[in-house]
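In what comes next, subunit A is part of two complexes: it sits with subunit B in the first one and with subunit C in the second one.
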Partner chain A sequence: MDLIIFLMLLALGFFAGSYAEKRHYRSIERREKALLRLPAVTLKKVDIPQGKVRSARMVHGSAVISVDYFKRMLAALRNIFGGKVKSYETLLDRARRESLLRMKESAADADIIVNVRIETATIGRSSRGKQRISCLETVAYGTALTLEK
Partner chain B sequence: MNMQPKHFRVIFNGEVADGYDPAEVREKLAGLLKKDAATIERLFSGREVVVAARVNAAAGEKYRRAFAAAGAVCRVEPVNAPDAAPPEAGPPQPPEGASAFPSTPQDGGSMIVTNIESVPGKTIVAHYGLVSGSTIRAKHLGRDIMASLKNLVGGELKGYTELLRESRRQATERMIEQARQLGANAIINVRFSTSSVAQGAAELYAYGTAVSVR
Partner chain C sequence: MKYTPRLPETNVNVTPGSPLKEFFLLACGLLGLIAGIYLLLGLAVDWLAPRIPPGLENRMAAPLLHSLEKTPAKDPRVRCLQRLVDELQAHCAHLPYHFRVHLQDADAVNAVALPAGHIVVYRGLLDKVSSENELAFVLAHEMGHYAHRDHLRGLGRGLVLMAIASLFTGADSSLNSLLSSTLNLSEMRFSRSQESQADAFALAELNCYYGHVGGAVDLFEKLPEPAGPASVTHYFASHPANRKRISDLKKLAREKGYSEDSPKPLNCASGESCP
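Our next item is the complex of A and B:
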């Protein structure tokens, strides 16, 4: 009986998880294209002449994303043999791109975002050190500059 | 040292920003300047009208922002000679000090917050030191249960995203409040950090340097 539940969870994780991931990637790509005109750079100083900047404000975007049951099993297996944990790579990639997009979307009227920083934090870790919910938060933040036309 | 012009005048020539309906802008300006329709109509005559003849830099900037928010484009230019302000066009005089303009709570009122080491286009005149704000949030049970269900299929945990965004906003607000008490009008070099202090609770921390800019 336990085995059946386990297999069901695995199958659910596999199908629902890969479906959700594909859909998320499609949405990310579409929105990234739409926001191409708003560059986000990690530089602190950009070549903008003094007096051309109309306003500066801080913007941020965040996302909390968790991995599905199937991939978690896969990663646990990987832990035995070591090597590249591919299933977690997409998780981090999705979370970072999503938070960058959210930051850009909250600064839609700006011309450039400078000094962008991306931070990652694990949340939902219980005090015993065992991770009950394996999810992580990524935050992207920067300063949006609006230029004089 | 370069002398900064002390006084500015605000000039409006009826220009409406792209994508705004002129009628709507008129209405907004009427509310903003607290003037009747006839006075507002004069502003849109196409000629240059001086909205405020002598204001300081901060008030000038406030005018510019308030006009931009209403969808109108005004020009703020320095008045060099003390007697250069032309009082010929009897302009509608809004209340002095521009305190009538509502501050926008989203960007912390008039506080400028950046995470670079300066405020572009402005010079720092005084430093007030470190300001910080923090908040510790625990997630509630309902969200936790939903999250563990969502955890099976993977994907975004919207409840957590919302929670963390809300807490980050609160931490920022506390930081801004602290800077305001010091008399600063900008916070530069802001950093965020997250740490989990206890089971299921996370601390959101925002810190930066409070400065005064002109």
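Our next item is the complex of A and C:
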């Protein structure tokens, strides 16, 4: 009985997880193309004269992505043998890109976002260690500059 | 410096490859590892079990079977079974055990050999038997398991399985509780060759005690053939199929030159005149 539940969760995790991931990637790629005109750079200093900057404000975007049952089991197996945890790579990649996109979307009228940083945190982990919901949050933040025309 | 906006052509942060393939590879590796450990430890158990002296076995089993030790044999049927076992032990078996018989109030046609010489007989079996010889055969069969230390092998393998399960899933996982609840069952699941050996032992005992082997196969003739997967957990399902078993026993009796006589009537059920 336990085994049947386990296998069903595994199948559900795999199919639902792959579907969600494919859809998310399609959406990410489409929006990245659309927002390509807005550069987001990690530079702290840009050589734009003070007078040319009309406004500067902090913008941020965050994304929370959860792991599915299949990925978690795959990672648990990897935990035994060691090596690259490939199943979590897409998770982090999606979270980073999604948070960058949301940051850009929140500064759609800006000309450039400078000093961009990305931070990652795991959330939903209970102190008891049992029955935790493993998901991660990525926050991207930076300074959006709007220049004089 | 001129900023040229463009998207990266490939995603370097995600390793290409099928996760399903990776999962199967790792799962198979893990299962193979577990199977290997189980096989090795199982062989170690097989090697070790016959070498455990009965004194040590008694000491090890004492804390586990404490509740069995304490229950007094008030039931006249238990006293009767006990006397039969004692007679067999005194006259023929001479095993280094102090056998104690317990009666389990359950309908199953079953008898179990627990460590340290505790034989548990189910009421269902007692209801089925009609002659003393029949009962003696069942008891001698269980004693045969002690003679070959099969009960320790079964128990040892069960323990190995438990240990592996708790190693990989944690001590209080659902898999572990599932295993411990079925451990009682798995410890009496002996291989067919072990059952056949115990049968041969019982047949020799019967011939030694009564001078003939009449009644040995009577119980098996009364049992229905195990049908379908529903009876897989049934005690006799793990024994050689009944019909095969009867023919094997008869063949063995012919080979050894055991004679067959009419079995003694059983008065155990009423508890009046016991052997």
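One rule holds for everything that comes next: the second predicted complex is superposed on the first by the 146 of 149 C-alpha atoms of A that agree within 3 Å, B and C clash if a C-alpha of one lies under 4 Å from a C-alpha of the other, contacts with A are read in each partner's own complex, and residues count from 1 in each chain.
We adopt the following convention: a contact is a pair of C-beta atoms (placed from the backbone, for glycine too) under 8 Å apart; a residue touches a chain by one contact, two chains touch by 3 or more.
Worth saying up front: this structure is predicted, and the values here are computed from it rather than measured.
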| item | value |
| --- | --- |
| Subunit A as common anchor, with subunit B and subunit C clashing or fitting | fit |
| Contacts of A:115 with subunit B and subunit C, given as first, second, both or neither | first |
| First (subunit B), second (subunit C), both or neither touched by A:135 | first |
| Partner chain(s) touched by A:92 [first = subunit B, second = subunit C, both, neither] | second |
| Partner chain(s) touched by A:4 [first = subunit B, second = subunit C, both, neither] | neither |
| Which superposed partner A:16 touches (first subunit B, second subunit C, both, neither) | first |
| First, second, both or neither for A:62, with subunit B first and subunit C second | first |
| Partner chain(s) touched by A:145 [first = subunit B, second = subunit C, both, neither] | first |
| Touch count on subunit A, higher of subunit B and subunit C | B |
| Which superposed partner A:51 touches (first subunit B, second subunit C, both, neither) | first |
| Least Cα gap, in Å, left between subunit B and subunit C after the two complexes are fitted on chain A | 15 |
| Touching both subunit C and subunit B, counted on subunit A across the two superposed complexes | 71 |
| Subunit A contact footprint on subunit B (complex, rising order) | 65, 107, 112-117, 119-121, 144, 147-148, 150-158, 160-161, 164-165, 168, 190-196, 198-200, 202 |
| Residue ranges of subunit C touching subunit A (in the complex, touch as defined) | 3, 5-7, 11, 13-15, 17, 19-20, 22-23, 26-27, 29-30, 174-175, 178 |
| Interface residues, subunit A side, partner subunit C - complex | 2, 14, 32-33, 36-37, 39, 41, 70-71, 73-74, 77-78, 80-81, 84, 86-87, 89-90, 92-93, 96 |
| For the subunit A and subunit B complex, residues of the former touching the latter | 9, 12-13, 16-17, 20-21, 24, 44-45, 48, 50-58, 60, 62-69, 71, 91, 98, 114-115, 117, 119, 121-127, 132-135, 137, 139, 141-143, 145 |
